[in-house]
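Structures follow.
First chain A sits with chain B, and in the next complex the same chain sits with chain C.
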Partner chain A sequence: MNLHFKNKKVTGILTVLPAHEVHFEDEMENYNSTIAKSLKLKAAMGFNKKRIVADGVTSADLCIAGLTHLFDNETLRMEDVDALIMVTQSPDYIMPPTSNVIQGYFGLKHDMICLDINQGCAGYIVGLIQAFMLLDQGAINKVVLMNADVLSPKVSKKDRNSNPLIGDGASITIVEKSTDNEEIFVSIKMNGEGAFALQIPAGGARLPSSPETAILKEDKNGNLRSENHLVMKGDEVFNFVQTEVPPLIEELYDYSKIGKDDVDFYMFHQPNKFMLNKLADRLGVERDKMPSNIVENFGNSSGVTIPLAITFNLGDKLCNQKYRLCLSGFGVGLTWAGMMIDMKDLSLCKIIYN
Partner chain B sequence: MENFDVEIAEILEVDSVNMEDHLTSFDCWDSLTILSIIALASETYHVTISASDVNGAASVGGLKSLIQTKVK
Partner chain C sequence: MKNRITEILREIRSEFDFSTSSNFIEDGMLDSFDIVNLVTMLDEEFKISIEGTQIIPDNFVSVESICSLLSKYVKE
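Moving on, here comes the complex of A and B:
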């Protein structure tokens, strides 16, 4: 499905990362594998350091730290927030929505919309689509898009398949009406038949958490995890990304009439270096136009890796230069999406550590 | 698939392979090896194989004919 938006712009991006850093080697002894094999995995996937929250810190805590920074620095005024979107798969509660909890924490005005969206690796793009749609309303001039995931507590430390890559993080993106006439193009697709390629089996209504769902079981590769843990079918996800993402980006080139060479940077979701480099090769994109340095420095924080790739690799440059970006997210859902968007003159584009 | 023997030997970290060699008998064999084979099939031969396809192929020769069948 192709979507088109006009007169909307991103005016600021803040990424909030946990201060605590974990090295791959620190956790290597948990894995049912030899040191040599683990180090080979590290090299192939680009694992190195990742950012993990302290016990008890939630997605809302990271967003509150980020919003506090924006309010304190007067980058954002509380009364200007007309909508607060929270994209997360790790909400603080099943009910109420985390966005409402955050609205209440700051005592924001009542004349606004709070909205939680359950989306993963493509969640940043789904969140931006929602923000643009809200901005079509006369009453809405400024949307604050929060994207946060704290999935480290949901991953088994003895799962070599997922634990090395998962990081925690949050991003806050300010989205506003614009008079620049600049256009934004999106291609997005979903396939619920692949919904269980990435999942946390227990904890919802279908399979409530119980002592039984907490029992660690060994898979055929020697990983130990329970039904309360995140589980990923690595081969299916790899094949899905290599098969579906390149044609989607081709469709986006056609739809937007923006060619491959017109794009300054490809800011893609960061599953791991292996998958991302193979994707860059298949798309015929030079690797220096598609940064793949997020997993090695911070871990994979789901949808947050897209704004993190922007803040880490471009940062201040986006405050005084214009770049044409091709964003793409792919994963949980299954969902895959691409977006052509110009960014310039951001009021801020940086990372803070909390 | 003339370079397959060389490509698979590289993934399996050996100088050369025999068609009857069992995949699980290689020292380096693990989930990363399986992913590397899936990536080889995808990148070089433009076919999609799953981890269970690879496990089911059992031997180097079995893997080669699996990919050959998909290519056709």
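Moving on, here comes the complex of A and C:
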């Protein structure tokens, strides 16, 4: 599905990362693998260090820290927030929505919309689509998009498929109406037949958490995880990404009439360096135009990796220069999406640590 | 090429004798992470980039299948 938006712009991006760092070597002995093999894997996948929250810190806590920063330094005024979107797979509660909890924490006005969206690796693009659609309404001038995931407690420390790469984080993106007439193009696809390639089996209504679901079981590769933990069918996900994402980006080139060389940077979701470099090679994109340095520095924080790639690699440059970006997210759902968007003159584009 | 592939396989999983197997995957000699390491080393050794869609178990079951895959990228 192709979507087109006009008269909308991103005016600020803040990412919020936990202060606590964990190095790959710190956890290497948990895996059912030799040290030599783990170190080879580290090099190939780009594992190095990741940021994870302290016990008890939630997705909402990271977003509240970010919003407090924005309100305190007057980048954002509370009364201007017309919609609060929260994209997460790790909400604070099954009910109420985390966006409402955050609205209540700050005592924001009642004449606004709060909305939670359950999305993962493509959640930044899904959230932006939702923000743009809300901005078509006359009553809505400014949308605050929050992407946050705290999945480290949901990953078995003895699962080398997932534990080395999962990091926690949040981002806050301010989206507003614009008179610039610049266009935004999106291609997005979903395939629920692959929904269980990335899954946390227990904890919902289908399989409530219980002492039985907490029992660690060994898979064929020697990984230990329970049904309360995230399980990723790595081979299926890799093949899905390599098969589906390149044609989607080519479709986006056609739809937007923006060619490969017209893009300044490809800010893609970053599951691991190996997968991303293969995508870059397949698309014929120079690797320095598609940064792959998020997993090695911060871990894979799901829908946060795209805004984190922007703040980490471009940062202040986006406050006074214009860049044409091709964004792409792919994963949970299965969902895969691409977006052509120009960003310039942001009021802020940075990372804070909490 | 076959000799170099065999050397790389030994570097990755030195505990196995790859000459005794007709299917590295079914015999448990290579798992998905070994394949990632193997592809990374083959890319570096032969100055190629094996396409992501080609990184499937069937292409890594034997030295012959790996040779066949590499022949798409390398001219001997």
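Here, the second predicted complex is superposed on the first by the 354 of 354 C-alpha atoms of A that agree within 3 Å, B and C clash if a C-alpha of one lies under 4 Å from a C-alpha of the other, contacts with A are read in each partner's own complex, and residues count from 1 in each chain.
One rule holds for everything that comes next: a contact is a pair of C-beta atoms (placed from the backbone, for glycine too) under 8 Å apart; a residue touches a chain by one contact, two chains touch by 3 or more.
Quick caveat, the model's predicted, so the values are computed rather than measured.
When both complexes are superposed on chain A, chain B and chain C end up clashing with one another. Once the two complexes are laid over each other on the shared chain, residue contacts for A:L279 go to chain C alone; chain B is not touched.
After overlaying the two complexes on the shared chain, residue contacts for A:E236 are found with chain B alone; chain C is out of touch. Comparing which residues of chain A touch chain B with which touch chain C, the overlap comprises 33, 37, 40-41, 44-45, 160, 221, 234-235, 238-239, 242-243, 274, 278, 281-282. Chain A meets chain C in the complex at residues 33, 37, 40-41, 43-45, 160, 221, 234-235, 238-239, 241-243, 274-275, 277-279, 281-282. Of all the residues in chain B, the ones that touch chain A in their complex are 28, 30-32, 34-36, 38-39, 42-43, 48, 50-51, 55. The residues of chain A lying in touch with chain B in their complex are 33, 37, 40-41, 44-45, 160-161, 220-221, 233-236, 238-239, 242-243, 274, 278, 281-282. Of all residues in chain C, those touching chain A in their complex are 12, 31-34, 36-37, 39-40, 49, 51-53, 55-57.
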